[in-house]
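This report concerns only the one structure given below.
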Amino acid sequence: MLAELRTPAGSTAAVQRLWPLMEAMYPICRSITGDGVRRTLDLVETVIPLQRHEVPTGTPAYDWEVPREWNIRDAYIADESGRRVVDFRAHTLHVVSYSVPVRRRMTLDELQPHLHSRPDRPDWIPYRTSYYREDWGFCLRHSDREQLKPGAYDVVIDSDLAPGHLTYAECVIEGQTNDQAIVYTHTCHPSLANDNLTGIAAAAALAQGLRAGARPRLTWRFVFGPGTIGSLVWLSRNEALLPRVRAGLVIGLLGDAAPITYKRSRRGDTATDRAAELVLVGTDARIVDFEPYGYDERQFCSPGFDLPIGRLTRSANGQYAEYHTSADDLSLVRPDRLAHALQTLAQLITVIDENRTLLNLNPKGEPRLGKRGLYGSVGGVSPGEFEHALLWLLSLSDGSHDLVSIAVRSGIAWATLVEAATRLEATGLLRAAHRIEASPQERN
Amino acid sequence: MLAELRTPAGSTAAVQRLWPLMEAMYPICRSITGDGVRRTLDLVETVIPLQRHEVPTGTPAYDWEVPREWNIRDAYIADESGRRVVDFRAHTLHVVSYSVPVRRRMTLDELQPHLHSRPDRPDWIPYRTSYYREDWGFCLRHSDREQLKPGAYDVVIDSDLAPGHLTYAECVIEGQTNDQAIVYTHTCHPSLANDNLTGIAAAAALAQGLRAGARPRLTWRFVFGPGTIGSLVWLSRNEALLPRVRAGLVIGLLGDAAPITYKRSRRGDTATDRAAELVLVGTDARIVDFEPYGYDERQFCSPGFDLPIGRLTRSANGQYAEYHTSADDLSLVRPDRLAHALQTLAQLITVIDENRTLLNLNPKGEPRLGKRGLYGSVGGVSPGEFEHALLWLLSLSDGSHDLVSIAVRSGIAWATLVEAATRLEATGLLRAAHRIEASPQERN
Amino acid sequence: MLAELRTPAGSTAAVQRLWPLMEAMYPICRSITGDGVRRTLDLVETVIPLQRHEVPTGTPAYDWEVPREWNIRDAYIADESGRRVVDFRAHTLHVVSYSVPVRRRMTLDELQPHLHSRPDRPDWIPYRTSYYREDWGFCLRHSDREQLKPGAYDVVIDSDLAPGHLTYAECVIEGQTNDQAIVYTHTCHPSLANDNLTGIAAAAALAQGLRAGARPRLTWRFVFGPGTIGSLVWLSRNEALLPRVRAGLVIGLLGDAAPITYKRSRRGDTATDRAAELVLVGTDARIVDFEPYGYDERQFCSPGFDLPIGRLTRSANGQYAEYHTSADDLSLVRPDRLAHALQTLAQLITVIDENRTLLNLNPKGEPRLGKRGLYGSVGGVSPGEFEHALLWLLSLSDGSHDLVSIAVRSGIAWATLVEAATRLEATGLLRAAHRIEASPQERN
């Protein structure tokens, strides 16, 4: 249950439970399409149910289209003795993602333009892609590159780049209403741990938690898809849903040592942004304004959609040394940091889901709380926090304040405020400000 | 005159003049209804004329209704020797307000649930009420309570709780316009001085002051009524007036040692709030945001009314040790603090009354002030504050700035600005932005 | 070219080039009308082309009208020996501007009410005017005044105050659009250097610079006219143009030692104000809110016009000791300070002219920048400032953000942002948000 994930013990247990999933996903060569993604989703499906989607090559998505599907079996550079000096079987990062097939003998000089290494980090293999320009290449440790001797090399990339499909999946948890909340995490990075696997594992844990509890108020969609083209495809296939999207998060990079970073949606004051402020202000988390560079919030928050979707990571935009290198492996992910991020996300999702705008049906003067059993009967003494919560709710439930804004304004603890709101709804003093459309399932 | 109350000497003299009124009111057993209120209003009427209102038991006021009227003649607890160990004749606080009649013999154990005392303040009698639940009880010093010996006690409360009336009164000072300003002070507390009598005395002094001067611009209503049910009854009987309410104050607790506290109206930027900022910023006064707990501003600012009514007290919400105990007697009220509060209130009422929105009738370019005798004729020298006041008024009198906002923006002293505005109105360069409806009296 | 004026070297060269113009203008006795103004404009016309306007005495301009024209040939006070103790030929400030003709013998006592001097600055001649009240007077050093002996004096002012014209001039630089920007500088001060000549010289240099470069986007009007009545006359004759005024500056007092002061327009957030913030924040310049006292921005920003016109000076409102005295001569003007002001103005005019609101024509998701040659093709590395500029422009070009607001929000350098915007316009991803009406010249 989400309530458990909100506790240190519960989130720690969840990380222990999901660690083997991350270990199993780590060696797989993922990209924006291909069997690596399918095998990854197979593993996620051992934990939560998924609706899988296969979208054919060439399908348009706004200014983009689904590219050809890429699969790779083997790749290497071998010296004249036949020794593999660079070997895909040793690390998936060795091949530039989306490299076209190659099979030829080349001199070192001919080969050099196809090699990528980082002189500043000579022991790490960098991560490079060439999705949208036909090319090929190898990534290697700079220290290894410097050992390469002039001479002839056999260069082999045994890959396919052919019409096929883009694969993504959703775990949908039906809510009491048809209002939607989105959690998006990217699934396109090969053997990188913090920047991919932590997001996938956290999304799976949160979906598990939500499924285990009472039916949420919002319908939650956890989307596992590739970066950029994945969110564009999802958007293009779900436009009818977008007017109902009330909140959402892009998540990832959750296990490094940095404090939490929440990046506001483009609008900056959406329900998601305000919920994040309620949960994070006073912690060591950083809240930063929207900027158009980043992860899939770039697409969700493009001006033609401008959705109420923020982003939660630890390091922002990969500002950690190991980012996009082989050093971003499972030893970089700290279980306690991932558990803390999970706890924060569970709190944030709870607030987003419980938040609502209520209307005081008795707005002229205060209603008599005493006769409804909500207030002590002996006068002359000061009320406690619960009574204050009742007064704040009655005062601000004029249709223009949701519970999050009342919590921020009053300083009253979220759980107390939600309890008071629920009591006032039960007595008929407050009701939902907007007619809530039942979800399709509810109507049947 | 209000102008006198704005001076230290004038406000000090007013407190001296009204002190005997407070002394006469102190021993009376007030409650939300009953003869104690009527006797109190008789005393106020020796100082200012009052319109009295008697509202029958059962009259509805939104979610509430006028309760039965409560009167009390005597009450005591006597020990077996006949000695009164608790005696209403010694202090009105000894009886829980609205106690039903009682006459019986009880053991101490049976009596205990009906006793109220404060172990943390063993020498003070607390103040308790039970308006809306039929009950009875005694309040006493905790030190006395500990002296009570087991045994039988004669318990007598000689009270009536019967159909009758709720009593409140208004002192109305007709203005040049039918626009309304409200000053509300509660009259329901028995022998408590700071929390009741200072508000009543200050309201009386301010009404006296306004009556003695030139006809004010607004029609001012000073309302003397019980807390909560009194303001609800007043609101329910004056709904037609509410759209014309331009400003207002709930006042009370004006004589303790704390600095002035102004509590904003719910909207937070009404004419009253901005006038209070003009008067109080730069003094040691505190300005606090609206919260739904407090005095009768709770009703005036409930979301169905949302009136431009703030609250002025010293200690906010009774945050002084003696609050609602017998220690809140006349020795707690410091005449110099009450005089200073009166001075502040007189300044605030002056600003509220003189404030208005004017329109520049010559908005294209500056008008020639020199030919109208408003500006020095020799050029090349810098203008003084009066000339600056003229320029600010002409610049900002576009219908969206009232004099208070021009004073805040320009930093020009209120009296200078009002003088300049009056001169510009006299020359025809400015006129009232809104057609002012004459008050009913004016029209006849 | 404006680009040169934006550099230290270019602005320094411009000041050297224009210094002889200031020297030639200095001795001329200017006023709000008369041949002094005409001779001044003749000098300006040696540098830039001017459209001259002669507006007859009596022409109405809102609450004002064009006064009679004032010309002066000679003026003096001679003692009984015939020695000129005050002599207009020595300094134009000696005569109160707009003094009526006088020719009589007076005692010192009779003369005293017509004398102006500054005891606090005994060695400086003050500057005084009497435009709108028929009067006459002399200004002199207080030290000289104290030497005057009792006795008879011959007082002569050989002036005309007669129907004639008010003279002003414009240098218009046609833009690509009919949208207008105004630069106004006053031409009515006699031998005062910082407070008149620096503004005239700077306006001339900026107009030169704009004329020498590519056609600007806006149509720029540099107006040389007298204070107050000049801007009122210009406004009254150009009302049809006012709805097209997008930005503007009143300039003057640019050569003293004070830091730059930018005074916001009355609205406070116009395109001019925001451009000034972009250029000046982070420098030692002060940005101050609008107040209705000052120079011709008083008229442009009066509530009936409320134009987007700010003011750029060094000392605000003449807050330097030598202001309006003979000590404001060319020795007060520091060439390096004037050059720095010119540089700032050239930057500000550049930003105002290049600023525009664009619309993202591909707002759903990011467009593919790579296939348009705007973005590197190898993925996995972080983009540089130019790529960030592209993303910011696409994100915020929703019709409600102009380039200045995007520059402020993103922190991207102006030149980079404009270059990126131009590239995006060229690819068709952005276009102007508003249909731009071609300027009249363009249409022919």
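We call the chains A, B and C, going by the order they appear; numbering starts again at 1 in every chain.
The rule is simple: a residue touches a chain if its C-beta (ideal position, glycine included) is under 8 Å from a C-beta of that chain, and two chains touch if they have at least 3 such contacts.
Owing to the predicted nature of the structure, the values given are computational and were not obtained by experimental measurement.
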| item | value |
| --- | --- |
| Fraction-based call for chain C against chain B, same above half, different below | different |
| Cα superposition angle of chain A on its copy chain B, in degrees to the nearest 5 | 120 |
| Chain B and chain C, separation of their C-alpha mean positions in angstrom | 55 |
| Per-residue multi-chain contacts in chain A, two or more chains | none |
| Complex contact set, residues of chain C against chain B | 61-64, 96-97, 116, 126-133, 135, 228, 231-232, 235, 266, 290-293, 298-299, 301-306, 317-318, 324 |
| Chain C to chain A touching residues, read off their complex | 360, 362-368, 370-371, 377-383, 388, 391-392, 394-398, 410 |
